[in-house]
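Letters A, B, C and D mark the chains as written, and numbering starts fresh at 1 in each.
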Amino acid sequence: MSSLKQKCTNIADNHLFTKIIIGLIVVNAILVGLETYPYFAVNYSDWIYIADTILLWVFTIEIIIRFIGSSSIRAFFRDPWNIFDFLIVASGHLLVGAHYVTVLRVLRVLRVLRAISVIPSLRKIVNALILTIPSMGTIMLLLSIFFYIYAVIGTMLYSSIAPEYFGTLHDSLLSLFQVITLESWASGVMRPILGQAPSSWIYFVTFIVIGAFVIINLFVGVIVNNVEEAAREEQPTPTDIKLEEVQKELKEIKELLEKKSR
Amino acid sequence: MSSLKQKCTNIADNHLFTKIIIGLIVVNAILVGLETYPYFAVNYSDWIYIADTILLWVFTIEIIIRFIGSSSIRAFFRDPWNIFDFLIVASGHLLVGAHYVTVLRVLRVLRVLRAISVIPSLRKIVNALILTIPSMGTIMLLLSIFFYIYAVIGTMLYSSIAPEYFGTLHDSLLSLFQVITLESWASGVMRPILGQAPSSWIYFVTFIVIGAFVIINLFVGVIVNNVEEAAREEQPTPTDIKLEEVQKELKEIKELLEKKSR
Amino acid sequence: MSSLKQKCTNIADNHLFTKIIIGLIVVNAILVGLETYPYFAVNYSDWIYIADTILLWVFTIEIIIRFIGSSSIRAFFRDPWNIFDFLIVASGHLLVGAHYVTVLRVLRVLRVLRAISVIPSLRKIVNALILTIPSMGTIMLLLSIFFYIYAVIGTMLYSSIAPEYFGTLHDSLLSLFQVITLESWASGVMRPILGQAPSSWIYFVTFIVIGAFVIINLFVGVIVNNVEEAAREEQPTPTDIKLEEVQKELKEIKELLEKKSR
Amino acid sequence: MSSLKQKCTNIADNHLFTKIIIGLIVVNAILVGLETYPYFAVNYSDWIYIADTILLWVFTIEIIIRFIGSSSIRAFFRDPWNIFDFLIVASGHLLVGAHYVTVLRVLRVLRVLRAISVIPSLRKIVNALILTIPSMGTIMLLLSIFFYIYAVIGTMLYSSIAPEYFGTLHDSLLSLFQVITLESWASGVMRPILGQAPSSWIYFVTFIVIGAFVIINLFVGVIVNNVEEAAREEQPTPTDIKLEEVQKELKEIKELLEKKSR
């Protein structure tokens, strides 16, 4: 049994094995792409079904190998990417008999995401992105409060003037998201309202200045900074390299001094 | 009396107390959200009114406790957030009998902003944002002069061609704000004018290059930099950590040298 | 004569004098603003004319005082802001009899720009902006070549399909400026062309990826960096402050060592 | 023969020679510009043809001179810009007899790109840009996977609701590119779909938050950082200058110490 485990570890760490899996993910991606063309979906539905089943089973075997090859069950499930892989594949088996055709097809598409868990450099960058989420907690909270207050006020003031944009609280939230991306905020949203509520420009201009100019830029700044910092740890800047040289020099000087004082 | 003060200070500093207040602010937020749905506003108006009155009184008691618990009246009102809390709650009492229904409802929504004054991390980030305002004075002044000159020229040249955008000076200011966000500036604003004033592209292109590409980016850069600097003071960059180590080493070397020279 | 010069220098350097001039520029700004409202322009045209003449003469006297107060004629005209002030005021006198009403009015608006030459902090930031222009020479050239090539190709390929956007070379240049600001580039410009030239998406997507994502961001990055660097020279970053302390410490250590070796 | 080679090297390195070539590229640019105006293209077609032939031969001679002047054939073709110049000119000769009028004209426009290979500062900045491509590999891959998955899901869900945007997989990819530039994403693309698929906002909002706010900003950040780093190597920041001074001081101190210990 231990030799099986050893074999599985060897296979899982093998470069060729990884490359084959990446290749199969690409095949899977092409398959789900072709399936969107009615011509293929109709004429080759059997072939697609067979290829899909084979892929599902190959991915299942791959995960079983990686599972056996890992040092322990806990070690395997401690890595969130393994859980992700497991869920993607397991749900493919569980739902196979079901009639949720759309769900099954979306699931097949999501298998393409496995590229992230298999290619190390992608995994690293996505990990860095996910790690920035907690550090953005405060800005996210600020953004949520800001959106909520403007959405409630917008619904209160403009629900009868522009029901398609501010009819209900969730309509308002979506419209404010549109406004914060600056898309048709004036031509589409504000100007029609402005005719009936001449002071509504205050609402939109303050929302854009605070939201789109300030908070969104803080949000983007935090994400980009954190990911760059993560990248920097591996590839230090010229400033950091020089500082390290300075630290080394200082250490040598100190040793020289201490030797003499002895 | 002194023991009451002590008790109030204890309560105000209590974590549970803060959490309860945050919880009530969330309840307040849900309430104003529900009120925007006509169904709730009509069928549950009595319940909303009762809950609202209770919330107002709880917040009043909270501020009284914090007021008594503070070292002095001056100390309490020196913190702008306390003034903000006081005004929000006091105006709730003052306007309760009035018929300004919309004002009252907006006031209830603004109570959600109290989350900022109660949650320390939010308070810190908003304080950092407010502190950047004076340092942006020059850029704001530059932006204002720039907007004003273009608005006056725009009104002079295009008030008869495009009265909906450049009819009056304040229309022009609002249109230029729309142009600086790049929203429909060409398809909506410039192209219809271009037909009658073929050289109007100079007006819009220079405004966008100077305003949207240069000044707005300076403005955003200053805000983001200042807030990041404020954040950095708490969490120094790797470069700063290394520099501090260098400073420590240098101090030790100096002491070694001075010891020997004695 | 020398005492007159001395007096003028004193007046020109006087804070109150500067404040009065700033005040008059604000009055001038309000005046040109009011003039855009037909009601004022018609009913108060005489008053506006009188106030305008007074302002022009006060500004003339101001510049004469500053001119006499400067150490030499060359010193006065070496500062581009003095040339700017001189031109603005002189052209006000030269064109006063002319019938170029619009030119005269625009000139009056441009007098508001004198705020920049009078307020030192504004002057500094605008100087910093102007100083970045030469360092952007290469990027500007790259951007020009890029625009020109795409404009020529666009005119060649789409002048008959979309004459309102790509009819002539200068139409194409303006349309490409619109596309680089991402305004209605798909809904307004590309999609109508796409129907007749199915591969036109290559033209637009490559233009946006290279132009709007890469070159414009380089352009903005250079401006913002340079202005921030100019600001940093006055207000060093925490990193720079620490580095200066390190340099001071090192100097002291060196002196200690040299003293001992003597 | 060696003296011919020497002569060619001298000519190729001559400043006047470079300036003449730049001048001819400008003439070429003006020519292709004029050709877009039907008036010139019709009335001066002979002159344009003659000028074009002369320019092609001058550029051919220029490249022959540079080719002979280079140390070896391999050295010449090792520089990608030489290959670029060679291909541009060679294809001009090869296609001259062909009937691909549009291809020939585009080729003539691309000759303007030779400005980049001839002007050193442009060459440097474009080289820096091209060198960032490999370091962006991971982000490009992430962006591609992200686009592909959303395009497949979009086609699956909305191909019947909005065939002009999500009819086929390549339509969806183009529409998603439009959405990521935030152009008419709500007014043009989402709102019409929203009527029939009320939960489609999830699709668009997640795509914009992840794609336009996060990944695109990472992409832009990497490019701008890399190009700035390349620029910094030539023009060090004040921080780097100070650090180099510190390193010099440390070296001196170390030498002082070592001298004494001898």
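Keep in mind that, in the parts below, a contact is a pair of C-beta atoms (placed from the backbone, for glycine too) under 8 Å apart; a residue touches a chain by one contact, two chains touch by 3 or more.
Given the structure is predicted, the values throughout are model-derived calculations rather than measurements.
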Residue-number overlap at the chain A/chain B interface, same or different (half cut): different
CA centroid of chain A to CA centroid of chain C, Å: 41
Centre-of-Cα separation between chain C and chain B, whole angstrom: 29
Interface hub residues of chain D, defined as touching at least two other chains: 182-184, 237, 239, 243, 246, 250, 253, 257, 260
Category of the chain touch graph - line, ring, star, complete, other: ring
Residues of chain D that touch chain C when the two form their complex: 29, 32-33, 36-37, 102, 105-106, 109-110, 112-113, 115-116, 119, 121-122, 124-126, 129, 174, 177-178, 181-184, 188, 216, 219-220, 223-224, 227-228, 237-239, 242-243, 245-246, 249-250, 252-253, 256-257, 259-260
Interfacial residue positions of chain C with respect to chain D in the complex: 137-139, 141-142, 145, 148-149, 152-153, 155-157, 159, 168-169, 182-187, 201, 205, 208, 212-214, 217-218, 221, 225, 229, 232-233, 237, 239-240, 243-244, 246-247, 250-251, 253-254, 257-258, 260-261
